[in-house]
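In this document, chain identifiers A, B, C, D, E and F correspond to the written order of the chains, with residue numbering beginning at 1 in each.
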Amino acid sequence: MADGIADMRPAAGWIDAGAGTIDAAIYWDPAVYALEQERVFGKTWLCVAHESLVPKAGDFFTSRMGEDPVIVARQRDGSIAVFLNQCRHRGARLCRADMGQAKVFACSYHGWTYDLAGNLISISKESVVDGGKIDKTRWGAVKVAKIHNYHGLIFATWNPDAPAFDDFLGEAKWYFDMMFDRPGGTEVIGGVQKWVVKANWKLGAEQFTSDIYHFDYTHVGTSMAFMPPDMPMGEPPVVNGRQFRDQGHGGVVTTDVQLSDMQTAIAMGMDVLAYNQSRRPLMAETLGALRGHDAQPVHANIFPNLGILPLNQTLRLWQPRGPGEMEVWAWTLVDKEAPPEIKERARLQTQFTFASSGVFEQDDAENWAEVQRALRGPMGRSAVFNNQIGRGESRDPDGIFPGTTDFAMSEAAARGFYAHWQKLMLEDGQ
Amino acid sequence: MADGIADMRPAAGWIDAGAGTIDAAIYWDPAVYALEQERVFGKTWLCVAHESLVPKAGDFFTSRMGEDPVIVARQRDGSIAVFLNQCRHRGARLCRADMGQAKVFACSYHGWTYDLAGNLISISKESVVDGGKIDKTRWGAVKVAKIHNYHGLIFATWNPDAPAFDDFLGEAKWYFDMMFDRPGGTEVIGGVQKWVVKANWKLGAEQFTSDIYHFDYTHVGTSMAFMPPDMPMGEPPVVNGRQFRDQGHGGVVTTDVQLSDMQTAIAMGMDVLAYNQSRRPLMAETLGALRGHDAQPVHANIFPNLGILPLNQTLRLWQPRGPGEMEVWAWTLVDKEAPPEIKERARLQTQFTFASSGVFEQDDAENWAEVQRALRGPMGRSAVFNNQIGRGESRDPDGIFPGTTDFAMSEAAARGFYAHWQKLMLEDGQ
Amino acid sequence: MADGIADMRPAAGWIDAGAGTIDAAIYWDPAVYALEQERVFGKTWLCVAHESLVPKAGDFFTSRMGEDPVIVARQRDGSIAVFLNQCRHRGARLCRADMGQAKVFACSYHGWTYDLAGNLISISKESVVDGGKIDKTRWGAVKVAKIHNYHGLIFATWNPDAPAFDDFLGEAKWYFDMMFDRPGGTEVIGGVQKWVVKANWKLGAEQFTSDIYHFDYTHVGTSMAFMPPDMPMGEPPVVNGRQFRDQGHGGVVTTDVQLSDMQTAIAMGMDVLAYNQSRRPLMAETLGALRGHDAQPVHANIFPNLGILPLNQTLRLWQPRGPGEMEVWAWTLVDKEAPPEIKERARLQTQFTFASSGVFEQDDAENWAEVQRALRGPMGRSAVFNNQIGRGESRDPDGIFPGTTDFAMSEAAARGFYAHWQKLMLEDGQ
Amino acid sequence: MSYEMVLPYRVSDAGEPADLPLWHSVQQFLFQEAALLDRRAFAEWLDMLDDGIRYWAPTRYSRTPRERAGEWSRPDQAAHFDDSKQFLALRVRRLLTDRAWSEDAPSRTRHLVTNVQVRRLADGAIEADSNFLVYRGRVDDCEEIFSGARHDRLVGSDGPYPFRIAERVILFDHTMILANNLGIFF
Amino acid sequence: MSYEMVLPYRVSDAGEPADLPLWHSVQQFLFQEAALLDRRAFAEWLDMLDDGIRYWAPTRYSRTPRERAGEWSRPDQAAHFDDSKQFLALRVRRLLTDRAWSEDAPSRTRHLVTNVQVRRLADGAIEADSNFLVYRGRVDDCEEIFSGARHDRLVGSDGPYPFRIAERVILFDHTMILANNLGIFF
Amino acid sequence: MSYEMVLPYRVSDAGEPADLPLWHSVQQFLFQEAALLDRRAFAEWLDMLDDGIRYWAPTRYSRTPRERAGEWSRPDQAAHFDDSKQFLALRVRRLLTDRAWSEDAPSRTRHLVTNVQVRRLADGAIEADSNFLVYRGRVDDCEEIFSGARHDRLVGSDGPYPFRIAERVILFDHTMILANNLGIFF
């Protein structure tokens, strides 16, 4: 595929992270999309599930890695296997259920059977059809190269040369630990919500990586609705915090815990806030005072397509679906140890705010769709977008937060996201 | 894009205007379509609105230039601006309404704001986000290169090197003046009708340019329905007139004013006919006796996609929408000075005959769709169509009509339409 | 088109018939599909109708050759003509009906008229529009190069260099005669059923060519439903028979006539079985004892897209419709001489088992769709499928059946189908 | 600047909800009408229409929040249908010529008429509101869906049907018609 | 060469429109039936069918103006369904094996039954005409719409339901079925 | 492992089918509700809801034959809606700000409510089951179809409407929502 690249790509690449520009082709061009499936989704670590979706041996969840369907299955030894949901005989999907319990996966076409790890264990009528000559060990379902369980999030990659998972997170790990290394661990509320947004997946990923800037404009109506009717609509306060970025990941943490708690009270309710506050001493024991008490994460995205709103307790995958569509797969994330009424309250509030019918969520999705709608003609399609917001600082001037950071309302992490995306796109092979 | 052309195009070009043939690829090939967006719709003058749609300062109409969405806005100084309906920050459409009144266009994503001319006037939270370094004059909405108001029709082009508008009309201007240089000017009935025809836009454009030949066959049922039940169905009379053509434009004028008036009486009613007749002396004052009294325009198309039926008072844009679809945007055109009851009668009759439910219109649309339906397999797709009807005269043998003309029922103007289209397609760059 | 081939095709070709592998690209790649339309459907013989659909002069049936629409019309001399359903003027379809009676085909756009053989016989207003210069003999509808009536099945090809029809069938003719050379000839029940399966056409064709292996797995539920409720569900018996293959054709005949008759009794009813048995002496007179009494055909496919289930009396065309869809056109095939009640019983049983609502049919269609659903991402799309079932024998070890054969439950004919497909795909030109 | 839709017709405040028998009678009338349309019995359908009928389908627009009142065309603006009985009769006459190519072969329509609400007005006329979803099949694989509501004014009749349609307003849920034409009736 | 559709079944001229209670009773019966189908209570559904039922869905064609009468298959020609109760029972039995892969996972259907018109025939039987739009969801993103009308003949019953369906004609608005199969009931 | 759908709510076995007047009254109530939604008269719509309403749309899944009982989310699992009246009121308040961009321009909805079945329960409450197909148009060419059923519990009211909706379960026929959002009401 390398040959076509030079032609397809504008002279300076699609992304000029220095100048802060984005070539609109990355959102609509089918050739870019096809390459992206190979070079981004085929090469990097991808989140496929939360371990709480498959608690017992034989439990499975059918997920996606890019557009490829995969089965995530709990093994009898407690480990987790991830493999392509495709029979090696003539290619039928091995499993049609969204989730469930299985002993084996038997193909509905000619009955070839695979075990929970995707190994081919039976060729139908083997002796009758001279199947003995087929080496079953060579015809198992295609397995991922590596799997990693990161505080309950199951990641997998097709790439045997993918970096170790911690190296993949890089400097951002310090921040993601703050979200996922919760005392007693996390789980997701049962099930999953899926819906289809008519926009390129990167629009969701980029926003969760780097875009607190949109909030006061995109969500103005919802914010107004949440406020007491007689409260004057002033300019909302500027978030006091830092935006981290590394290897395409990004997010924001704030030291204005009081403001963050007020927002939690509004969006999640007083009980959830009180519960969360009660967990901070425990957090501090593990992660120290800064990550325990003194700061709170706001939003983040693990490259490429795992979005997180820690305050709103939503976790979501931006699943690519052609250049102009994505599926959003969303869960409510709760502490495993939280009392049932806190989990229930979180479930209700998260669904109400950030989910298929979420009052905040809706505004984001429609804005992304509006971006896509302007990408039909040659003028709109050849547009260069402005990605220059923020100073692009590298270090926290107060020396509080580690790694590469800018002030919260910056697009530095978006520049990082697209630069990392382009790096993968321009590297040949796996 | 020039590189791919040689391969894509048949050896002799798609069009052989001399032999009178058309390669069917121009109707279905996605590569031809993509190039056409750049080289035809990106280079030529395009009608975007009638000025009566935006009478007051702040009035806007969201239109299209090819597949690119544009805003047509009346400025405070009475002039009209046309610019791409796309925010330069991250590309959301700036305006979602079909038409209306605005003071500014504020982007719903991050609130960047543009004035009525598309100039970027505000970057949200500019001082907070270090936006001062962004040169707003460089990040306004993309503006068209030129705008021209031709007797109320607003034309625009992306091409700074586009010919002067009168040169663009060329010899055909003499004929178009006859349609649009009406005493007191014209206006369109409020609103617009839009519908989607599953056929390439050129099938509409070509027919209005050059095809009176189809009438007796395509519209036979409707013609029968309009006749008294006991009237025998004879061969309809041959239109006595001339078909003009230049630079892709084309149309027919007839000197058989009596026949034309009878058709007006049938299609538009006696009152409209009487009104129109009453305007002829005034027309003659401006344009002379020939264009005032002695001839009537029948049908026409301004290259590439503005169709006109003067008798039926319909004006329409053939908006491209992929190789196999077009949107038809249709208006009823009336004299500004016509009495209200004449405007109302014209509205009713035009809608009944040539609009989304129009009894004539329907037959055309379905025929075009039938052309498209046969373009699925390699035999149908590699067809060469016959475009040889007519003598291809250049001059009016009677010396009455100026410019290049053939007899009315010719395909000479179709040959001209396609030859001009091919000329643009083969010229590189803007 | 030859130029692009080398790049598009994997180094070893898509098909390695020796190793028994299939590159999944042949099912989803639009470039493969486009080439296939030219090189497979454009070059080989294709079944377009059964002659009983057009019994009388002027009867027509609108069919397809690949994605090209064609008209199959009975001529006044009793012969049959096949030509492209496209006007040569501006390309409108000449006939919009699915079947019927016509004297001529008059185009609805400008009225050009073609006779029953597709010859252009009238140019509208010929003298008025200077149409006399158009050589009507050069502007008739595009006709197929050859037509052949094979025991009532009408075949046509665009390819003047196509082999003689008997050579096209090759060794497989011996087997197809067994299905179609019925005493008194065959006919199809009036009308046709059409439905759309979201899967590549080759999945249907391949299965009818070569896949008895799927039956016990795909159709297990339906088989259970047909059995008495208290009958234990044992392993079904292995079909005792031979699978023939040649030039992409394939199918199975069984010598276990008793088992075959039991299956006929279940699927078609005792009366149909008794009728069929009564015909065997007559069959034997023409074709000999083996093909008359001692063996029964089970399933078959005439390359590329005519599927046959002789026992179930269904005949169907797998009509391509883009890489990911096919139309299935299905008929019930009966002996012309069968008594009305036998035809009626066959109609009811065939429709109930193998048709749009057929209880067996459904399972096949959904399996094919499941194959297609896994072909979205780069891992699934780059899969190599296993096509290794069966010993790949060449000769019947018992010396009973002629030609190249393997045991019944083999994929040897599938390997032959794909090898022949690839041979056509790699040959340039017509 | 109300969020609520401004309807293109005047909603009468006089009148009262129909009783059950009247509601049933009106609903059956509307179902009979739909059946005539789907069976293409257009000549008979014309008999259901009052000679003074206005059969009107105003165009619809996306508007800014401040201009929501302009969602529907005014009566003197663009309309998809604005037919007198004479116009409707001519449409039918055209179809019956068997040479109306746009309907060759005829569309395969199905009028799903639901949510029927009926009011009896002070002047004795009847107002019927209903929702519709019209499925239209053409050729072998062309499917169109028309969604909307109808606001009808009926008057009593001593013909074969108990009512005649004196006014019909068709409110499409489309700003752009996603079809080659509006060659069918609603 | 009439423009009006020639229906594939005989329209009885005897009989009269049902009164309101009977209409309501029949409509509720049809709604109960639809609910059973959408809940996949197929065994119970079979109890609603008369043992002698003909369940018939003739195929449909695009025809030339002169041959409009051939729009629907004749009773001895191709049909999408032409089932006896025995056939229908076998379809149900197949589904209940849990190994009918074409319906694994089962289709998510919704039968919108509208435009119900009822006639009582001279022989005491009841004719019910209705329109339907059946939505069918499969997998995560596969959507199908089936549009059509049904012509039912009902007979009285003293079982759990007041009627049994003695004849059903299903008129699809499709000449080609735009679905992998007709694996559901109408 | 029954083939029949296991509904996510308890089906009460007490109660009996509504008589015709009650059925009509409930159906008209549901039609009035649909009309308010399609006219975007959301503030008035809120008045139709009981203060204690649970407005719940559980998510749906494709399941293996052995786990069909898990087709619908349990009440403590993922849901597309799980709203109190307070939540619903906030949704409406948001829309009325005129700055809810996801509904700018507002969706063009049409609620086809069909197959209405009504039961009167022993405790005086009323259960209404209905099917719906909601058409939603957005922008010029964006069309969405939502199909499903509703299970409502109504209680009597002496307000402007005879009932209030005390519970609504919305059963979508979708496992994945094929829309940018669920920004409308069902």
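The rule is short, and it goes like this: a contact is a pair of C-beta atoms (placed from the backbone, for glycine too) under 8 Å apart; a residue touches a chain by one contact, two chains touch by 3 or more.
Quick caveat, the model's predicted, so the values are computed rather than measured.
Asker: Any chance you could name the chains that touch subunit C and subunit D both?
Answerer: Neighbours common to subunit C and subunit D are B, E.
Asker: Same or different for subunit A and subunit B, when you check if over half of the residue numbers at their contact belong to both copies?
Answerer: Subunit A and subunit B contact each other through largely non-matching residue numbers.
Asker: With centres defined as the mean C-alpha position, give me the subunit B-subunit C separation in Å.
Answerer: Between these chains, centre-to-centre, one finds 47 Å.
Asker: Let me have the rounded angstrom distance from the C-alpha centre of subunit E over to the C-alpha centre of subunit F, please.
Answerer: From the centre of subunit E to the centre of subunit F is 27 Å.
Asker: Using the touch rule from the top of the page, what residues of subunit F touch 2 or more other chains?
Answerer: In subunit F, residues 20, 62-64, 66, 95, 98-99, 101, 104-105, 112, 114, 133, 139-141, 145, 175-176, 178 touch at least two other chains, as defined above.
Asker: Which subunit A residues touch at least two other chains?
Answerer: Subunit A, residues with two or more chain partners: 96-98, 108, 194, 196, 218, 363, 366-367, 373.
Asker: Give the pairs of chains that touch; include all such pairs.
Answerer: A-B, A-C, A-E, A-F, B-C, B-D, B-F, C-D, C-E, D-E, D-F, E-F
Asker: Could you list, by residue number, the parts of subunit B that touch subunit F in their complex?
Answerer: Listed in rising order, the residues are 96-98, 108, 194, 196.
Asker: Quick check: in the complex, which residue numbers of subunit B touch subunit D?
Answerer: Listed in rising order, the residues are 96-102, 189-198, 218, 220-222, 224-226, 327, 331-332, 343-344, 347-348, 351-352, 355-359, 361-363, 365-367, 369, 373.
Asker: Which subunit E residues qualify as touching subunit F in the complex?
Answerer: Checking each residue of subunit E against subunit F gives 20-21, 24, 28, 31-32, 34-35, 38-42, 95-96, 98-99, 104-106, 108-114, 133, 135, 137, 139-141, 143, 145.
Asker: Which of the residues in subunit D end up touching subunit C in this complex?
Answerer: 101, 104-105, 139-141
Asker: Write out the stretch or stretches of subunit A touching subunit C in their complex.
Answerer: Checking each residue of subunit A against subunit C gives 37-38, 41-42, 64-69, 84-86, 88-93, 96, 107-111, 124-125, 128-131, 133-134, 139, 142, 158.
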